[in-house]
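The structure follows.
Per-chain numbering from 1; labels A, B and C assigned in written order.
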Amino acid sequence: MKIQRHLNFLWFAVNSIFTYKTRTIAITFSLMMALMILGSVAFVSGGLEKEAILSATFAPDITVQYLQAGRQIPISMNNTSVINKISGIEKTIPRVWGYISQNNRIYTIMGIDPAEMPIPKEINFAISSGRFLQVQDSEVAIVGRHLAAAFALDVDDTLILYNESDHPYNFTVVGVFTMEVNLYAADLILVTVNDSRKFFGITENYATDLCVYASDQTETRYIAQQILNDIPGARVLTRQALKDALLSAYGARSGFVSVIWYIMLLAVILVAWNQASAVSAEARKEVGILKSLGFSTMDILEIRLLEAIILGVLSASLGILLAIIYDLYLGAPVISDFMLGWAAVYPSFPLPIHVSVTSVVILYGVAIFPLLVGSLVPSWKSAITEPDTAMRGG
Amino acid sequence: MIMTFGTAMILLLSGCAAVLALGVIDTAVRIFRGWRTADEEKRYDLEKSFYLTYSVVCIVLGIRLFIVPVYFWNLQSLVPMIPGAMCLWGVFNALPTLMWPNLFLKFLLPTIYMGWLILAKINSDCKTNPLMVSLTGFYVAVSPLLLLDSTVDILTSLNLSPVEVSCCSSAIDVGPRPIPIIIGGVDGQIFLTAIFFTVSVALAISAFLCMKYDRVEWISRIFASAYIPVLILTMTEVLTPWILHLPLHHCPFCLLFQAPSTVIFLALSWFAISSPWITLLTEKLGRADEESKVIEKKTRMSLWLTSGFAATIATSIIVVHLALAFI
Amino acid sequence: MITRIRLENLSKTYFKGETNEVTAINNVTSEIKESDFAVITGPSGSGKTTLLSLIGLLTKPTKGKIFFDGEEVSRYSDAWQTKIRKEKIGIVFQQYNLLPQFSAWENVSLPLLCHDVPKEERRKIALEYMKKLGLEERKDFKVAYLSGGEQQRIAIARALVVDPKIILADEPTASVDLETAYSILRVLEKLEKEQRTLIISTHDPSIISKATVSIDLRNGTVTKVERFSP
């Protein structure tokens, strides 16, 4: 197939873009801004989803909590034997956690049993310095990045926490969580379950919730249903459900913004149409000259559409770059507030973003195709100019 | 309605495609019906209209082809939002009346779209638009399918909601299965694999032979058609369980998700199956004058070459996967 | 000699059916042979440019027929006519019509863009023709930095770059000085010797004196056709 002619037209189209600067700037600027917003939403959404997936990896297969009057209360350890009787259960481990207020901030203290709790291999991605909890540990903690920064803590430093009775407890920091889990671990203090019991004054007969691990992941839903049947009043959360809830929320928010963005795209298409239609006499004469030199109507149309494609690619590239800067260095103000949207107020933290190949491809697609649509009819009208306009002087 | 970034973009692009496709049908009909009986002046006007029609259709088909991988990517991203869904199977079952037929359209229609675009390329390589009438007529015939494709995408985007669905195992892993048992009892999987490799190798060889011998063309097309049910059956009954280390048949969507290179295998298989049929289109519609005959012949050779290479590479991917699975 | 171009009852009316309807060419019949150096003469507004446009297939006649080498090209589709224009016709405009965003050699090579010719080869061919017209040193100059005469010679080089059989020129010496007009005339004479068909609309007596056939137009109608022996 002959492609040299098309490469020649591409060269001509690039020259045209630099010749008609006003049109180029108007279309590029408006499309770039539109794509910056859409790209920002896509990248923030992708980052939040990725972070949610990584964070959910550390959740147990099933979490069993106890509710009274709609609020969570400590669950009796007697339920462990009830749960363990269900077929398909590998083990049930207690977890003791709660909140503390210190220096006008709320932190979460989570106590786990490192001897019993299965540690997923992704732990390597979750700990940036130090190590995870070990079986023999006592009075040690792994802290979230934000907390470490707030208290200027590093590995081997001492963290002093005060419980509700104002009694101080010393913990040696043995690890700090990474940025990748920051959304959920920013203010987390991970300790052993024994230390947590001492701190919160919860006896060995109770736990905050029970972590259930199944032998076969595909059976999780059925086991969860069985637990619900066997322990009335329990709230049973599967890892999949937790993950799905988060992904669903982020996905829905990005979808909402994307639909609102249609209005912005319509404005851009109108700008493109307007600019393409405002073809000066000089541009019409140029078409006449080209046709008298042997360019066909299809050739002119191809050149005009190539111009639209180049502008689309240029705008998308700039828009994506700006979106990354907006998200990464400015923290995506307005968009991040909407995307996170929790009732709780988060402390400030760097927003996670994820630039996936698919999102980038889609952004290029929604830059190029609508621009082609907007420029098509004006390009055609220009292309069917009679060649004798060149003879008649336009 | 589940509205995500991907769904919103599919809605946007499908809407654009539908509006454009609809807008140009009338002009295409006028050109197709009016060309032969038109006088010089009328033909001159029709020719000008053809340029617009041609450009619009190229853009519409470009959008529809672009949407195909985006559609599947988007469905995969919707898995967490459909309660009970663990793979694409679950998402399809959230709106089965639309989505299963849409799956069929997503494999069939791109063949037709590629056919039109290849004919359009032949036309543009000629100096005198010899395929103008063929292209507009072909578009008129295909436009209902184009509109159907866009409409189904729009309806799917607007109607898909988070309903409770069952996992693929409730459909794939239950009940007695006639094939591969009836082929060779317990060893039926091996026989099915043998049939799969035989058909894919035969397709590749026949496609390469078609570059030299016209007489083999219909044989290659028959192999291409036979490859479809063999592929679906083998993927479900053999490739998915063997590659995922499961004992028996399993949902092929699980394979596509867990072994992403099989997506490339499937895409190459599509090329291997479609190219022989696209050559039939170019043969019937792409030879209006001497110049177009020459260009059409070169194009046909390229298509046969594509089919042969695609089948070869696709088969190689599966061989590698199976080898790794058994090591 | 073979008849290259034949015009049969050719008419062209602009804005037909409207209040400002103008008949620029009315019932023109003429023949131009293969190696003719034809001039079209007549006062301003007589239809010279329109006749050239019709011969160059730049516009469609309202009535009548145009034949190239015995084929009726006036009834061909727009695509066919473009093909003929691309391969057989070179046009030199009165106002040069160079594209200001391109350099001299790029302007000369423009017709080659739709001939599948890569950039290096285009440059090579363009420089060849520019050398013949004494313009090699101006190859990278933008149009704005060229004199009128140089621009006209660039326009001629552009018309020749596809090696056309037919060259149309609309008042090629109208906007240039005497010396340039003389050099253009020499170029045209050389072209005539290369067995090309030249059709030039002009008032210039020095060009008219070189013609082998003269077509005189008054109010869109041919009043006189004179054929001169070489």
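Everything that follows uses one rule, which is that a residue touches a chain if its C-beta (ideal position, glycine included) is under 8 Å from a C-beta of that chain, and two chains touch if they have at least 3 such contacts.
Quick caveat: nothing in here was measured; it's all calculated off a predicted structure.
If each chain is reduced to the average of its C-alpha atoms, the one that sits nearest the average of all protein C-alpha atoms is B.
Chain pairs B-C and A-C differ in how many C-beta pairs they share in contact, with the greater number at A-C. Summarising the inter-chain layout, the chain whose CA centre lies farthest from the centre of chain C is A. Each chain gets a centre from the mean of its Cα atoms; for chain A and chain B, those two points are 31 Å apart. Taking the mean of the C-alpha atoms as each chain's centre, chain B and chain C sit 51 Å apart. In terms of their C-alpha centroids, the spacing between chain A and chain C amounts to 64 Å.
Taken residue by residue, chain B touches two or more other chains at 48, 127, 129, whereas all remaining positions touch fewer.
Residue positions of chain A touching 2 or more other chains: 2, 296-298. Looking at chain C, one finds that residues 78-79, 82-83, 86 touch two or more other chains. Chain contact summary for the complex, chain A toward chain B: residues 1-2, 38, 41-42, 45, 218, 221, 243-244, 247-248, 251-252, 254-259, 261-262, 265, 296-298, 301, 305, 358-359, 361-362, 365-366, 369-370, 372-373, 376-377, 379-380, 383-384.
Across the interface of their complex, chain C is touched by residues 2, 4-5, 7-9, 11-12, 15-16, 18-19, 285-286, 289-299, 386-388, 390-393 of chain A.
The touching residues of chain C, counted against chain A in their complex, run 49, 52-53, 56, 58-59, 78-79, 82-83, 85-87, 91, 93-95, 97, 99, 101-102, 110-119, 158, 162, 170.
Those residues of chain C lying in contact with chain B across their complex are 60, 74-75, 77-80, 82-83, 86. The touching residues of chain B, when paired with chain A in their complex, are 2-9, 11-13, 16, 20, 48, 51-52, 54-56, 59, 62-63, 66, 70, 73, 77-78, 80-81, 83-84, 121, 124-125, 127, 129, 162, 167, 169, 298-299, 302.
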